[in-house]
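Lettered A, B, C, D and E in written order, each chain numbered from 1.
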Amino acid sequence: MADVATQQSRTKTAPHRRNFFSKLFLHNLSAKIAALPMIATVLVIFVGCTIWTVYYSFTNSRLLPRNEFVGFDQYARLFGTSRWNVSITNLIMYGSMSLVLTLTLGFLLAVLMDQKVRFESAFRTIMLYPFALSFIVTGLVWQWIMNPTLGLQGTFRNLGWTGFTFDWISNPRMVLFALLIAGLWQGVGFCMILMLAGLRGVDEEIWKAARVDGIPTWRTYVSVVLPMMRGVLVTAVVIIGSGIVRLYDLVVALTNGGPGISSEVPAKYVYDYMFGGGNIGQGLAAASMMLLTVLIIMIPWAYLEFGGKGRR
Amino acid sequence: AELEVTHWWTSAGEAAAIAEFAKVFEEETGNTWVDSALAGSGTGANPVIISRIIGGDPMGATQMNTGRDAEELIQAGLMRDLTDIVADLDIDSFYVDQSLLEPCRYEGGLYCLPINIHSWDWLWLSTAAYEKIGQPVPTNWDEYVASWPALQEAGILPFALGTGWPINGIPGVLMAGIGGTDLVMQVNRDKSADAVRGPDFRKVAEAMDMLRSVVSPETMVPSFGDAGNQLLTGDAAGNIHGDWLQGDLQIAGGVPGEDYECLPALGLGTQLTGGGDSFYFPVLPEGTDPAVIEAQEQLARILISPEAQLKFNLVKGSMPIRTDIDLSGANACMTKALALLDNGLLPSGDFSLSSDTQKQLEDLNLEFIADDNITVDDYVERYASIIEQAD
Amino acid sequence: MQPSVSIKDLSLNFGNVKVLENLNLDIAQGEFIVLLGPSGCGKSTLLNCIAGLLEVSDGQIFINGKNVTWEEPKDRGIGMVFQSYALYPQMSVEKNLSFGLRVAGMKKEEINQRVKRAAEILQIEPLLQRKPANLSGGQRQRVAIGRALVRDVDVFLFDEPLSNLDAKLRSDLRVEIKRLHARLKNTMIYVTHDQIEALTLADRIAIMKNGVIQQLADPHTIYNKPVNLYVAGFIGSPSMNFINGTLEGQLFTADDGTRIPVGAYEFAVPPTGSAKAVLGVRPEHIFIGDAAQGMPFTTEAEIEIVEPMGSETLAWTKVAGIPVTFRCSSDIPLAAGQKVTIGFDIARGSLFSAQTESRL
Amino acid sequence: MQPSVSIKDLSLNFGNVKVLENLNLDIAQGEFIVLLGPSGCGKSTLLNCIAGLLEVSDGQIFINGKNVTWEEPKDRGIGMVFQSYALYPQMSVEKNLSFGLRVAGMKKEEINQRVKRAAEILQIEPLLQRKPANLSGGQRQRVAIGRALVRDVDVFLFDEPLSNLDAKLRSDLRVEIKRLHARLKNTMIYVTHDQIEALTLADRIAIMKNGVIQQLADPHTIYNKPVNLYVAGFIGSPSMNFINGTLEGQLFTADDGTRIPVGAYEFAVPPTGSAKAVLGVRPEHIFIGDAAQGMPFTTEAEIEIVEPMGSETLAWTKVAGIPVTFRCSSDIPLAAGQKVTIGFDIARGSLFSAQTESRL
Amino acid sequence: MSQTATMSGAAPTTPSTSGTEPRGPRPKPFFTPKKIIIYTTLFFFSLYFLFPLYVMVVTSLKSMPEIRFGNIFALPAAPNFDAWVKAWTSACTGLTCNGLSPGFWNSVRITIPSTIVSIFIAAVNGYALVNWRFKGSEIFFSILIFGSFIPYQVMLYPLVIITREMGIFGSLQGVILIHTIFGMPILTLLFRNYFASLPQELFKAARVDGAGFWRIFFEIMLPMSLPIFVVALILQVTGIWNDFLFGVVFAGTQNLPMTVQLNNIVNSAQGTPEYNVNMAATVLTGLVPLIIYFVSGKLFVRGVAAGAVKG
């Protein structure tokens, strides 16, 4: 019982609740130290640069940032610029087509690959390898293939098929599809791999249940399996989506925005005006609009992902 | 010492030209020219050059367009003042035109050295094409325009054009040739939107409209070099492009006067608009080897020396910045240009307009050429509003 | 009467691995058959063959007299319930139940009626509009059963339907399945490795090992007259106690010399000569204290461990040098270290040949 | 004597969800405590708090008299065994066992000696060089126990260590853990939701519900004298039968009017006046046939379902309009539809206030 | 023993036609319509995916006249590797005519440390996010994901200033830092998902065993993370190898990556492009990532499954 007494006296002096400081800093100290690079990146680079971007978009900074505020002038000019408006339209058009097609083709191919095909790994490699190549290379080779005189069109015409036309790259109405062909070529394989991983993750017994129920295979894929692949779809959309928003290299390499301004995209506008045009204010105003768009798309996703339930 | 020099002259002809500078520099000073070439001018190389200067890792010297690209770098004190270095050379005396040095001066200092003059004001015509239709090669713009129907009849492309930026210089050329000296001055120097809205500029716009009627995306070739090829083969009859096209024409075996004709200022005007390239010398960080700083000075002086100027420009196909050198090696076209040089230079767009304004104009021109829905009135109005906002 | 399901010479290989070999099984109309066996013995494989989810390597399968060896699963007149429930997660319970019918193009009223009936039988009416994610395990399994129910099939196949549930739910659902069978009178084939489920549910149990059916009989027979050592050891928890020894006439001599008279045992084949044998006694056939008196074999034993289980108590001791478990009422106070008299009820024990391992 | 583990006013929240609130628990040296409760009641959470794997929101934890509330897990003198074994997959068994010791920088000989001893105790010497992937479930769990063993700790924490094993292995390992405790005499805290494990292993059982300990007592008390309806219903399989009614003096009247005299019941608080009450009788305290004679309450009943379980039989019937289960020897032949006389052993029943749900 | 299995009750009614009844595995024709559709579709997609590679390789083996006047399908009349040799050893960028080879080694110098550092940091992040969660860690992660949508170009300017202030602009450290930053969002996502799919109890067991943050990371987590490491490795090697902008801006003149030379060769503003050299240079530049893909294809797929499936 004496022990109990000493224990009790110790109780009084023992910390009952750790103070705020130690809770904030000392708890998980090494974890916090280890996460420091991430915290710094997030705060300094992503948050900091975003603030920087928005801040200077309200100035008339040229080659160097400077604190001369001009209100919404840059934005007014931005939306008065037909190239910007074309860029936005293109991004929406290309983006939605690319997203939809990448996902559907990726899914379709994954489904085909899931049918116990022979040479699966060969097919997989064939579909995936373009992902290893840069957009510069992608743009270059497709530019070459779609070149009206040297590429497919020229070749077929030389072979005597004079009516053959494949001039999307120089046709303002079709140029987005030219971009799409090259973009899909590069990106579908990766999406297919993601989808395949998702398909393989579906419980075997679901398939059996569907077979016993007499559900045709395609119907099972569409009605049962696809809706189950939420995790994969989220990952795929994040990866494809971030690629679309940042679309730049491919356009530069394939069409350089042409013909005319028919294949311009926002990232290119930002870059051209920040560096080519030496107008940081204008470039940043455009960038801010892009960020705003992303934010609007991302917030519901982040809410679904991290808000609501405390799921991991 | 090793001196790093950045530039975006990566094509065969350009590289050969800059090699002349390097050769002279290395031979005469014993320094080493460390070459950093970056393809892609405005969008490719510019950001790298600027960010390296801002980032505190500047090169010893760099090429840039003569103009206002580096304005703010100079204002921020990142460029070296060359006044003392060239003080004994009396540069004012030999520069072809004082306006060339204008952009290099800031608050009494001298921050860059133009090393050549490029002019956009050339109409290039294909001898072969006119032989095919049996007409004489036109001697000015109006005759050239008049020959289009016949050319089209014969399946010859009246006007060759490379995709992208080559369209950019054409309004300036038309402005100088059709609109005349005053218009150029009012628009480019005075930034007068009224002048743009005036009748003279309208003629320019209409000329653009006519051009647009004979070019379409399908007829455009990937690069201006390909357009040059079209002239040599006679697939196309004419092209407006800067004097550097000649370098390509010559490399491809073309002989001026035989395979192609050149009409400076469209055969109409008496003055050329001129821009060109300059060299800048960034302020090197503290602790840099003094030998490198000295090499900067040596290079600066060599770039504008008669010997280097001669060798460089003959290869590059541009006009030297000084006339006190023997240009007997110049070909027929350049000789024509040199004659016009005596009348003084007109300030070109890339000379007097900020790159921001140029970029906007480029976008406008690209759009106008490609999209027939934009009327001449729209074009004039949008051009005017860009000039209005220009600073 | 024609058997409901009849399996003839069924073989199945995965590549070189023979999982089932020449298996024969006839199941009567309305019978509840449980396939019981350790993990990997081929229970699921057999069930999948019957369902048509696996292609047989050889042999035939008849359902209601029709050879369905090559039929699609949906045409075999079977419904199947899985361990993981395998509900379509994004569909409401109602959609889950009706999906197969809708795909088959059945009329709306007919579908509604069937769903309603199934929901009634399984008492899941209030859940019809919920998503599976919002159901408890037991409710999910009920929906899974409902999915088989609406299809109006002749044969129900269950693959460990209760394994993912906790003990309490498991025993509740077990009773429900039993009720369901009593009501529907369909043929049911039920795979499990839980012997309590097997014993309580089955009309007949098929005990499998390495793809071979060891014994096929009603639960009472299986429990009390196991045909071989394997079945004897497999069924019953805690297991039957085994004592190795030699059998000579009516006397069994354990390896350590303990003599146990087995005259009370009902031999299938009266023993001749002397042979190595194994004596098996279930824990509940070992009695203690007064009850032990009058048993053919009694001995003194020291209790090693006592496991009170609420309604009864398990105790561990040693007989003939071998650990022996017995079961007694929890009213009898027992403590480790205590010395007690225990007696074996040999008449209800089992004797196996040590050589062939089969019942004597 | 100082308690081995002492928990004072422990609270724990996940965000806004209060999982544990003001929990107090003292565990004596060498005691085997089992935390029993349904899924999600906070058993693992409590164990993790004791282990230091979760930060408490409020309250204190003492181990051997030392306040360890803010100590690192390794400094608390505890060893922990997990349901999923949590063996380091890329290390051999030996490396798994010695990892903690190596982390602590112990000398090589000492490590080897301890590993050897643990391996001996658990009989896993032949496995020392294998990787966990090459072990069976039971072997894995033994290694996991060994990992706690080598660290020579005062307190063992087990979080459902046997849940991933099949029934047979589970009962074997249960006995082994019991033996281990008998040998080591460490304090052990054992989380499970299997009541058989709880009843057989525990010195005392803590029954939890929604983060609150309902009853803390030895297994016999828990089973026979549950403090409230919840505990009564939770413990025992099949569950206790409950009959709602009104208690007036020594007479319990079921809601359908059936009168059940409860004079034999030992009231904790003698009842006054009339009040709504619940009568609970365990299945094994309902007798049938001759044994029913002489019980305070007997009635005629029709058997609805019979579940033979080998050693005994469960039967379902209705008393006072309420489904009632009873348990009897498998020797008694029973069949559905049969009419029998059953009697309640009221002395061993339980009575609860319908209002407070606690034992009368 | 199996004879005990035969039915004890009614004798089975043997179907009369058992000789002709289905028995054994269902006979299947080799070409079912389904198979034909599957393989044809896959075949045509394969053509789509392979065609550009074919064109690249074939063109690089042709001479210039053959390219101008031949067709792009045709195999080279006289295959020669001149273009490859030229692209590798003597293609000019400005005054230096050493081809791609010096850039190759620069790329190697940039890629190896950048890959290692960025993967390491991201792995630690993912690990900390899953196992050592602290207040706000999920918010940081959300912002990180958001960050993956920011166009690189926007960040260029402030990053120049930041690296300048850190004194690492124009150096290998500078470019390593940049690649670490931009690789972080996706890699952290992958590692976080992967670690979240590992059993938490393993981590708890290690903590009880007394291992700290780093010890658990290195001795428990890392050895289990091979699949996701392969994915990260492939993503980073290809990403960094293919990068142009960061290499040229941040790596310093001594370290200009291969892509800069490729860009110079390909994008020379004037003159006639030598398509065969361009194509050879292109293939050469893509070779390293391609080889990595071909070698580790299977692991990659497995790793993607491990890192991407969980939301």
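The rule is simple: contacts are C-beta pairs under 8 Å (C-beta built on N, C-alpha and C of every residue); 3 or more make two chains touch, one makes a residue touch a chain.
Please read these numbers as outputs of a predicted model, since none were measured by experiment.
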item: Touch-network distance, chain B to chain C, counted in steps; value: 2
item: Chains contacting each of chain C and chain E, listed by label; value: A, D
item: Top chain pair, ranked by how many C-beta pairs fall in contact; value: A-E
item: Gap in Å, rounded to a whole number, between the CA centres of chain E and chain A; value: 15
item: Whole-Å gap separating chain B and chain E, where each centre is the average of the chain's CA atoms; value: 42
item: For chain D paired with chain E, centre-to-centre distance based on mean C-alpha positions, whole Å; value: 52
item: For chain B, residues that touch 2 or more chains besides their own; value: 47, 54, 222
item: Two or more partner chains touched - positions in chain A; value: 27, 271, 274-275
item: Overlap residues in chain E, where contacts from two or more other chains coincide; value: 156-157, 263, 266
item: Chain A to chain E touching residues, read off their complex; value: 24, 27-28, 30-32, 34-35, 37-39, 41-42, 44-50, 52-53, 65, 109, 112-113, 115, 117, 121, 123-138, 140-142, 144-145, 150-152, 154-155, 158-159, 185, 189, 193-194, 196-198, 200-201, 230-232, 234-236, 238-239, 241-242, 245-246, 248-249, 266-267, 270-271, 274-275, 280, 283-284, 287, 290-291, 294-295, 298, 302, 305-306, 312
item: Interfacial residue positions of chain C with respect to chain A in the complex; value: 48, 51-53, 72-75, 78-80, 82-84, 86-91, 99-100, 103-104, 144, 147-148, 151, 159
item: Touch list for chain C against partner chain D, complex; value: 38-39, 166-168, 171, 174-175, 178-179, 182, 193-196, 199-200, 219-220, 223, 235-239, 282-284, 305, 307-312, 314, 316, 327, 330, 336
item: In the complex, chain B residues that touch chain A; value: 42-43, 46-47, 50, 54, 69-73, 76, 163-164, 217-218, 220, 222, 354-356, 358-360, 363, 366-367, 369-371, 389
item: Residue ranges of chain E touching chain A (in the complex, touch as defined); value: 34, 38-39, 41-42, 45-46, 48-53, 55-56, 59, 67-68, 71-73, 121, 124-125, 127-132, 134-135, 137-138, 140, 142-159, 162, 180-181, 184-186, 188-189, 193, 196, 212-214, 217, 234, 238, 242-244, 259, 262-263, 266, 275, 278-279, 282, 285-286, 289-290, 292-294, 297-298, 300-301, 304-305, 308-311
